[in-house]
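The following block contains the structure, expressed as structure tokens.
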């Protein structure tokens, strides 16, 4: 095979991509669960998280190079900052672009169009306000090869991504499965009207769902921007891939989104080894189309928050 | 009065669903609402719990107008609604479904859970089973149990006997009687008019979104018009 | 029934309003006063808005500066004519540039155009300029195909992609003595042409070349960013063990690739082209990654070199920002046109200026401008640069370095 | 008992009042507009754009604008009956006159006459704009209107068919690296390009149109991306990123007629105009035919349509293919006019732009699509020459995005709505029908 030579290397970088896809995909899945709607503008939630962490870290670190425990602190700061940025944008997005339509019981086409509009508005506004060149996030650590496993180089940044992602994925899984908020989200996803009869404030739960998705998406924006910098157009492609991952795992299914993300990340990296790097997106979209045609409900099926 | 509907009008777009609807329920009563399909029974219950907002008229709960309140606020006042078609959360366990019923309450709900399991022993046996896998009768019990979890002052029951075997229907009605014995006020919507009127104190008859008759349950049960229209086919459930 | 017809009246009304606006714009274009000395206009066509605006502005102000200096008699002494400046925006897009070209052509006082800036825009607009026999001197369109279409009015003051690529390859193989090279392009028109020429020359000199294409973020500006892909690519490059990686494309993607490579532990020499010859490369990659990187350009880079600091300072005064990529080329292009006009005298016609440009020789900031019959510049020089201590330093022309 | 009635503090009561909320939204909208039209920031000065537009006297104007807007909206909702009466009075005269068939015919002819005569008095710049920026986009919008407006499908890969048309033109004229068996003038290749685009539409449509509507949107988006990647990467077939140069102009040599389109844009304009008129007639009769009724049925209730014996997939694919072929023709015409195609123009933005034109004009409304496209495509050109409020071309998509949201909130039916579509949206909002063919939610609601 074309990737035998580099197999483990590609798997490792694929996993790193996959974790990011998983984090973004959760946002799609949660929102899809409560609104039966693909949040097209989730890409900009991701982008906003990247920018928020850039500004926060810039203020906190500047050009100095932190070491040791300080690095961990700054990483946490970046992740939280990105999560906050994503949460704010996701919240506003729901308020401005979706809620008025929901109140009116508008057709679904209207939601999709409003979402596309929001996406274009947000990223072009970011381009206008923050410039259209990529900005480098001040690095809270020195990146480099840490160790090798099966001959694959594992970089610091991969470890950071994996650790942060695993923490957040486990957290969100537990929140949805066990807390009162999680129960509200699942109730709204399964039957919104009945949930409201149980005393669930649907508007609030939907807001909170957007916020949770926004936190994960925004944090992913930071983790993504860490090695590559942030730029106003950064959301489009990763978000489309994450959407593919969500479909792959079954839209509306949180664990499905995680698994879908990892599978997509690895498949894409191995796929690139067999073609030119320029065909990478084609590999991902090809997977998307195939999944939709063969098994549109995804690997684990469509459902939100089956507890255990 | 615990609940008063005054001159209520509800529309779906241009189509009126309820007009000049007035109804009242005193504390501790069981009142039943009779009528054919599409007469407006379910709409009445949905308007009370805030799922529809009336175009005109008032809904007074303990003298306070709740006509424009959101469902979760209405619910917080002590009105609990077991909806038509049961609407169990299919992928939540029985316990989780019951916990949803107590969603607004903070603090211990252990006792209430036990009470429901006492009322419906079959639910206790299926605590961990997803709601969607229960039988129709069990789902209905779960729906009623869930509605009771919020310790309501007023319980709205929409067609609790729909699609159930006669034996189960009888069981459910006897449980409703038990609930009433604890002092909960009940507004019952039923197709099964005989059973409902035997259980209720008073009844209202709806036709095309208007109240056409209201009386004590006994008189309605005896009324020839009611007998002809609503009791004809189900006069004697065997 | 009447509502249906109403639907048709509203569009008419709206269209009328829209078209009335069109008309009013027309009036503005037709104002050209007569003076005792003739006045001619040199136009500039390039992106002034859209994602590539910055590159276009780098050129626009240089043209403007050259014209005002010529009018003031600083560059060529007293001229027998006055010059005016006209800027037309094409957003760097092929579908917008014919309209911009029409706006230039229809202005009868325009005798020559600096631009179009982009190769695609040039391909779409040049037939119109050719039909109007209006000379265009591009400071930046480097697609080789432009010179082979039989457009006698087409000139450019930069070397095409075919010149820079072989120069770079010569430097890598002969000077660095490397026989295995990994080349990557960003799939932009410019990079594909350049890397093709590079690969061919390197192979001709006996090196083995592995090539990959990795679409970039379209000249660092617009389009859809796709920046995470360099992880896998870096892994492959590292796996190849090639001691030199040559990247054809622009600085923002090159910076990402460079970072990914270093993060993967790749220790080979990095090299890129004039698209990466930008201080942003160093700032985005970080000095520790960027140090040692080789860059090349068929131009001398004014931000780093000794050439004419007065131009740089005057440019900054006019534009409000420092000279950037292609500023000096645009300045040279304009002055070349003025030089050719000076030779003709007071009565400059479009057709005469096309002929004049074929003959002109002008010693500019970046090089001595002299056109070949196909409009390409004669004897272009490729310069090599290197990042040292976080800034870009010129090493010299390839021919000299190789020796 | 913890079920205490919610006691509402004053602040929240004010906030909950519709008036206050609307006021807040209007002022916030004014501030957003101030930022949008204000100076740009940069990566090193990320707040300068915000401070420059919010801490500047101009902000007063925008706040006032928001307040005036609030006043207008409030007044309108308070005096809605009077407003309606007034607007009825204003439109009374045209309403009386227009039902007359003859009057209508005169109006049509006048519009057509205007469309024929007016461009001749424009300068060459606006003539060029009229073709490249307006005419082609009007045609594209009319075509997408069939997909989005008539069939209620969201196609975000419309550019793919434009690309196929453009590259077909290049292929049949021998401009591509790969050559056809025989070379054709692009004029004769028009049917081939249309067929190719239509075929691509069917090919993409048959598998994907079975999917739920939002999946369709994503798949078409992916298809648009793939086309661009393929065009860029298949160097040996498409000429790669450098694009294809040297596509000849149209020319006719038939039955003693000899005509060649050249560099002048007017002949292209008239060709487009003729094509648009033909397409308009065709689509109008299609709208009122069995096919049109099938589309309406699918939009309103897909399941009901299916059970009424309508082959839903067939009619969806038909709409998709009609839209695709229109787009293909537009691509071919533009390619032949500027003799050049390059993949960097074939972006998702392009597809989105056409969608905006259709939505703005009015989904399902032919005059809407035409006017929407004409006005929105003309406006940026106009603003470029006469910049208002600091309009900058690179921010175009920011404005268009905002426009989409505003339209969806306040006027989802577009500026010149189709009467039928408007009614559908109204009904759908009251829970009757769907008003799009997005399919039923497969949500878990039992």
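Chains here go by letter, A, B, C and D, matching the order in which they are written, and residues are numbered from 1 within each.
Criterion: a residue touches a chain if its C-beta (ideal position, glycine included) is under 8 Å from a C-beta of that chain, and two chains touch if they have at least 3 such contacts.
As the structure is a prediction and not an experimental result, all values here were calculated from the model.
In terms of the distance between Cα centroids, subunit A is separated most widely from B. Annotation: A-D is the more contact-rich of the chain pairs A-D and A-B, by number of C-beta pairs in contact. Averaged Cα coordinates give subunit A a centre that lies 30 Å from the centre of subunit D. Rounded to a whole number, the gap between the C-alpha centres of subunit B and subunit C is 76 angstrom. Taking each chain's centre as the average of its CA atoms, subunit A and subunit B sit 43 Å apart.
Between subunit B and subunit D the centroid-to-centroid distance comes to 49 Å (mean Cα coordinates, whole Å). Residue positions of subunit C touching 2 or more other chains, listed in rising order: 51, 187, 213, 215, 222-224. Residues of subunit B in contact with two or more other chains: 76, 87, 90-91, 104, 150. Among all residues of subunit D, those that touch two or more other chains are 225, 229, 232-233, 348, 392, 394, 430-431, 444, 446. Within the complex formed with subunit C, the residues of subunit A that make contact are 5-6, 9-10, 13-14, 16-17, 20, 132-134, 136, 139, 143-145, 153, 155, 157, 224, 227-229, 231, 233-234, 236-238, 268-269, 272-273, 276-278, 280-281. Subunit C contributes residues 51, 187, 212-215, 217, 220-233, 235-236, 238-239, 252, 255-256, 259-260, 263-265, 280, 283-284, 286 to its touches with subunit A in the complex. For subunit B in complex with subunit A, the touching residues are 49-51, 70-72, 75-76, 80-81, 83, 87, 89-93, 96, 99-101, 103-104, 146, 150. Across the complex, subunit D is touched by residues 36-38, 40, 55, 96-97, 100-101, 104-114, 116-122, 124-125, 127-133, 135, 189-192, 236, 240, 243, 247, 252, 276, 278-279, 281-282, 285, 288-289, 292-293, 296, 302-304 of subunit A.
For subunit D in complex with subunit A, the touching residues are 35-36, 40-44, 46, 49-50, 148, 152, 154, 156, 207-208, 211-215, 217-219, 221-223, 225-226, 229-230, 232-233, 348, 352, 355, 359, 392, 394-395, 397-398, 400-405, 407-409, 412, 425, 428-431, 434-436, 438, 441-446.
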